[in-house]
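What follows is a pair of complexes built around chain A, which joins chain B in one and chain C in the other.
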Partner chain A sequence: MSSALDRSPRSVIILSSAFVLLWVAVASFPFIWTLWGSFKVQGDFFSKADWRNALWGTRTLIETGSTFTGAGYDGAWVQEEFWRAAINTLIVVFFTVIISLTFGTLGGYALARSGRKYAFGLLMIALVFRAMPHITLVSGYLLPFFEWNLWGHLPTSIIVLVAINQPFTLWMLHSFFLNIPKDLDESAKVDGCTQFQAFRHVIIPVMWPGVITTGLFSFLLAYNDFAVTSMLLSEENRTMVPAIAGFLGSTLEEGNVMFAVAAVVSATAPLFVLVMFFQRQIVSGLTAGAVKG
Partner chain B sequence: MRHKTFFWFILPSLAAMILFIALPLVSVVVQSLHIEHEQVIVVTENCGPFGCTEESSVDTEATAQLRAEQPLGRFAGLSTYFDRGHLATAEIAEAWRNRDGFGGFLSELYNLPFYKALAFTLTYTFLVTPLVILLGLLIALGVNRLPSLLKGPTIFVSLLPMIITPLIGSLILFWMIDAQGVIGKTLQWVFDDPELSLKASPALTWITLMVYGVWSSAPFAFVVFYAGLQTVNSDSLEAAMIDGATRWQQIRYVVIPHLMPLVVFISLIQLMDNFRVFEAIVGFSAQANATSLSYIIYADMRSDLTRFNSAAATSVLTVIGVAILLTPVLLRTWRDFKGKAV
Partner chain C sequence: MAEIQLRNVGKRWGSFVGVENFDLTIADKEFLVLLGPSGCGKTTTMRMIAGLEDVTEGEILIDGTTVNDLEPKDRDVAMVFQSYALYPNMNVYENIRFPLKVRGIDPATHDAKVRRASAMVELDEFLHRKPAELSGGQRQRVALARAIVREPNVFLMDEPLSNLDAKLRVSTRAQIKNLSHELAVTTIYVTHDQIEAMTLADRVVVMKGGVVQQVGSPTEIYDRPANAFVASFIGSPAMNLMKGTVSAGTFIAEHVEITGLNAPDGPLTLGFRAEDASLAGEAQGQINAPIYTLELLGDATMVSVRVGEALVSVKADKTFRAAIGDTVSIRIPSEICHLFNAEDGARLGG
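Take a look at the complex of A and B:
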């Protein structure tokens, strides 16, 4: 299609380039601005006088003696102990991804190889579950979890996130396994392997691209979750996102919005790194579902 | 694959989904049919020189004990569904009888919390979804024309609004549109109105939330469309050009029909995701002017006195809404599957 487009008139090229440029600005400016502003004091980030103060750090220079300050980061990580939330996030995300993928590869493989009516029915049910707003499920957990003393612990949140993740993981891995030729495990079975041995020795070695892509999306779901972690974790077990929400409640009055800004930038950094390294996988993962319809 | 093997492979996944998705849905239904125990009233008779008076007082201890023993409360049937916080049938009937024109009736309706949330949720879902598709398509067409050296970095930047934590993304924008933030200040300057605040009026809050919704979801549509554009058949484009189709006609009659299945896919995902709009309202602190179904459930659970039954009833109504939204898709997929099988 590029050959046909090479002959575009200049006006079309200029117009479309300008549009893309505008989009790039809209998509990136909030991040750049917040990153830059997180090293200033509140008087600059929220400037009563002139928004350009945030660029030059006018108030920051007056208040701290330098145009950049790490006060926000110091306040968030040391004073408010944001590192605890970071460790909790690490635990929750790590186990959610590992367990999701283990369950998901087994289930997705079975769904891809069965082709029976009930396998299709299960996929449809998974689609309905995928559409459930997470907060409606949380309202179902809350009372029983209180009663059984399961509320507030990290493992509870992990297993809930795994379950909420399953419908999506199943769909995605199911479509990846459909792309792996059936002959591969069929011939292993002809050679005398059981279904599980065929899975273990033939499928597992070739499934990693699909698993890594699905793992990325499980990571994003667990990392970005607010509904589950904010309702099901006690204060000392809070992960980063509910901790940031907590900052807002406690710091707005004290005039320490900059703690929240610094925490927000800190929590965004891993996502940047993730996209930088796995851009190709994320793009292919987003389109995998679409191609299969 | 044999039934038994299938069963063992699917078991962990199925168990997780039954325990933590299907059972909670049952639990929500059960909770919604119950209501918290009433306060225990003790009637004591005080007899004095002028006869006896009956005095009733609340036995706080007994109330607390009863509520702790049976946190589910007592069976209340469907009453929670029809109370003022939910379907509010009595209030609606009242408002209809005393209606002051249709507009007046609607504004009465909008004062009821459930309908207020429903109005925003539906408006958000059905405005943001088409806008996301349109913007995504435009970006994809634009990026597709870029020299290949620029494509990688452009896609990288475009993915950022999508992968960012929703709460964090909305907070970042919230700080920028603050009356003292950079966008807020710029808007005041553009409209020459130093009092302008995007948080003050309901209409502006709605627009802000929807702009955020489009900003954060457009990358998803863009990436899907972009991948679709890579597979457009160049022969058909060539043929269309030889037949004298203009650029617009090429897009209209060759590219867009090719992308149509993707539009269905994106709409499905976006309808599901937009219907549960929630984090943005927390991030933008917009609850005074805009609430969504998910948000009122959250608010019920967050309040000092957790109203499990109220949250549960709203949850059930939300799930019914999701079911209505999904029915056409499910029916169609099921027909396709049966068609394939035959």
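Take a look at the complex of A and C:
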């Protein structure tokens, strides 16, 4: 493959490089635009006079005396206490991932190793639940949650997020476990392990990339969720995404929309760090089993 | 020290019979080979002894104790898998040490035991490597070392050589034979390769379709096969088998007439080994037929003719040359003939 590419004519290389560069520029534009604009005032970033104001910060210079301002961040984090939302997100995400992975690894392993016919049936049911729109679960839960006084608490939304997430983690981990030969379990058992020891000492270490990948997807689902958290959490318990939506809705006072822009940047940055940090595990997890290794 | 008793052991999956009525006592320190084509139940039998497969009927006893309901870890057996089943995240040293670790054996003794086991299979230089960095033969030896490290009562080996190339297979076979002699542990070895069975075994169990066909020493099985299946499975080439009829002590088939047989009249299957027969002068032998194929083996020349549907081979001198289609005469004295029932293939007479 690579040698064939090396031989391709210069024009093809230039063309394909140009295409990739263009694609990267187009794809990353919204992020860069938002990052840049988050340091401006509303009059610039949402300028009606000239969109280029967002680039040069004309109004920002007039209002604050500098072309960059941290007013949006200050407003979001200090004035509106966005840090509470960040902590809530952290709690929700942490427990959603931990609970989904615990049940997902155990359940996925059991389903992968079970010879019973109903194992496949369970997976099919899981798939159906996975395919449902998240909001259907929420609307079903809403009334009982109100009546039992469970509405508005973090654990409630953690439970619902786990319920939404679990079918996916089960499926994903199940297929990872299927790729691990049964001989490994059996060898461990003959060597002196109980079934659970074989799982813990032999299978999970081999599964690690799969667990990381699945964990990351669970993380993203919980982190980015809007449907569940916006419906089930009270204002003081909000996570970041509904909080951002709240900022966007509060346009009564000039400048508050910039809180949302700053919050968006704050919420996106950790994702970049995370994906870069785990990229090796993600890639090896996503391609595991693609070719016999 | 372990004597293994299998008392009418059977395995069923629904209506499918995996193993039927397996009844055998394996003596302490014996090297027993389970031999048969794929799907004959030999691996299932071994897995039942290991505890990886439940026994549907009958009893398995190790040293007089029924182990039917014991977990694999409580049976004190060690197993070498066809796929080696090495733990990919551990290096060779940790792989070999693993059984000691999970069984809670005094950690102070681990190092000496691991080094002793790895020395026995000549792996000392590779202890720090991961399984992925080893060749097939080396991986196989890691699996062996992991099995011998805790000196179990019973070794189980499931086609341990089938993933190796032909040359390595011969040297590893020799190593296994030597190792089993040195360790003097009861060993059960599963294979579909009759040469492995002949070279390694104290006793061979030939199986087919879940049923034991014959139990005996390699010589017994080779010289006195209990039925036509065993005869056709053992030996390289396998025994020649021809269908025909006997009348008044004479076996008659297409191109064939063998006299002086002690057999009742009627149809039967006659067999003989390629090396027992010889080529005769023109029309003086018992088979006179055109040559179907001629194979030069180096130490001999294999001459084949067709008798009905069967291909019949004879080992001739290494200098023998002829063209395909030339008529050849084969001498088959009645003493070398094995007679089998035409219907069920059971051995007739002595």
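One rule holds for everything that comes next: the second predicted complex is superposed on the first by the 245 of 293 C-alpha atoms of A that agree within 3 Å, B and C clash if a C-alpha of one lies under 4 Å from a C-alpha of the other, contacts with A are read in each partner's own complex, and residues count from 1 in each chain.
The rule we apply is simple: a residue touches a chain if its C-beta (ideal position, glycine included) is under 8 Å from a C-beta of that chain, and two chains touch if they have at least 3 such contacts.
In this text the structure is predicted, and so the values were computed from the model without any measurement.
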item	value
Chain B versus chain C as contact partner of A:54, first or second or both or neither	first
A:85 touches, of chain B and chain C: first, second, both or neither?	neither
First (chain B), second (chain C), both or neither touched by A:154	neither
Which of chain B and chain C A:76 touches, first, second, both or neither	neither
First, second, both or neither for A:262, with chain B first and chain C second	neither
First, second, both or neither for A:232, with chain B first and chain C second	neither
Chain B versus chain C as contact partner of A:136, first or second or both or neither	first
Chain B versus chain C as contact partner of A:211, first or second or both or neither	neither
Chain C versus chain B, contacts on chain A by residue	B
Chain B to chain A touching residues, read off their complex	1-2, 5-6, 9-10, 12-14, 16-17, 19-28, 31, 71-72, 138-139, 141-146, 152, 154-161, 163-169, 171-173, 175-176, 178, 180-182, 185-186, 215, 219-220, 223-224, 226-229, 232, 234, 237-238, 241, 247, 250, 261-262, 265-266, 269, 272, 275-276, 278-279, 282, 293-294, 297-298, 300-301, 306, 308, 311-312, 314-315, 318-319, 322-323, 325-326, 330, 333-334, 337, 341
Chain C - residues contacting chain A, complex	50-52, 71-73, 77-79, 81-83, 85, 87-89, 98-99, 102-103, 146, 156
Of chain A, residues touching chain C in the complex	181, 183-184, 186-194, 197, 201-202, 205-206, 208
Of all residues in chain A, those that touch chain B in their complex	1, 3-5, 8, 12-13, 16-17, 19-20, 23-24, 26-28, 30-31, 33-34, 45-48, 51, 54, 102-104, 106-107, 109-111, 113-114, 116-117, 119-120, 122, 124, 126-144, 146-147, 159-160, 162-164, 166-167, 169-170, 195-196, 199, 220, 223-224, 226-227, 231, 241, 244-245, 248, 257, 260-261, 264, 267-268, 271-272, 274-276, 279, 282-283, 286-287, 289-291, 293
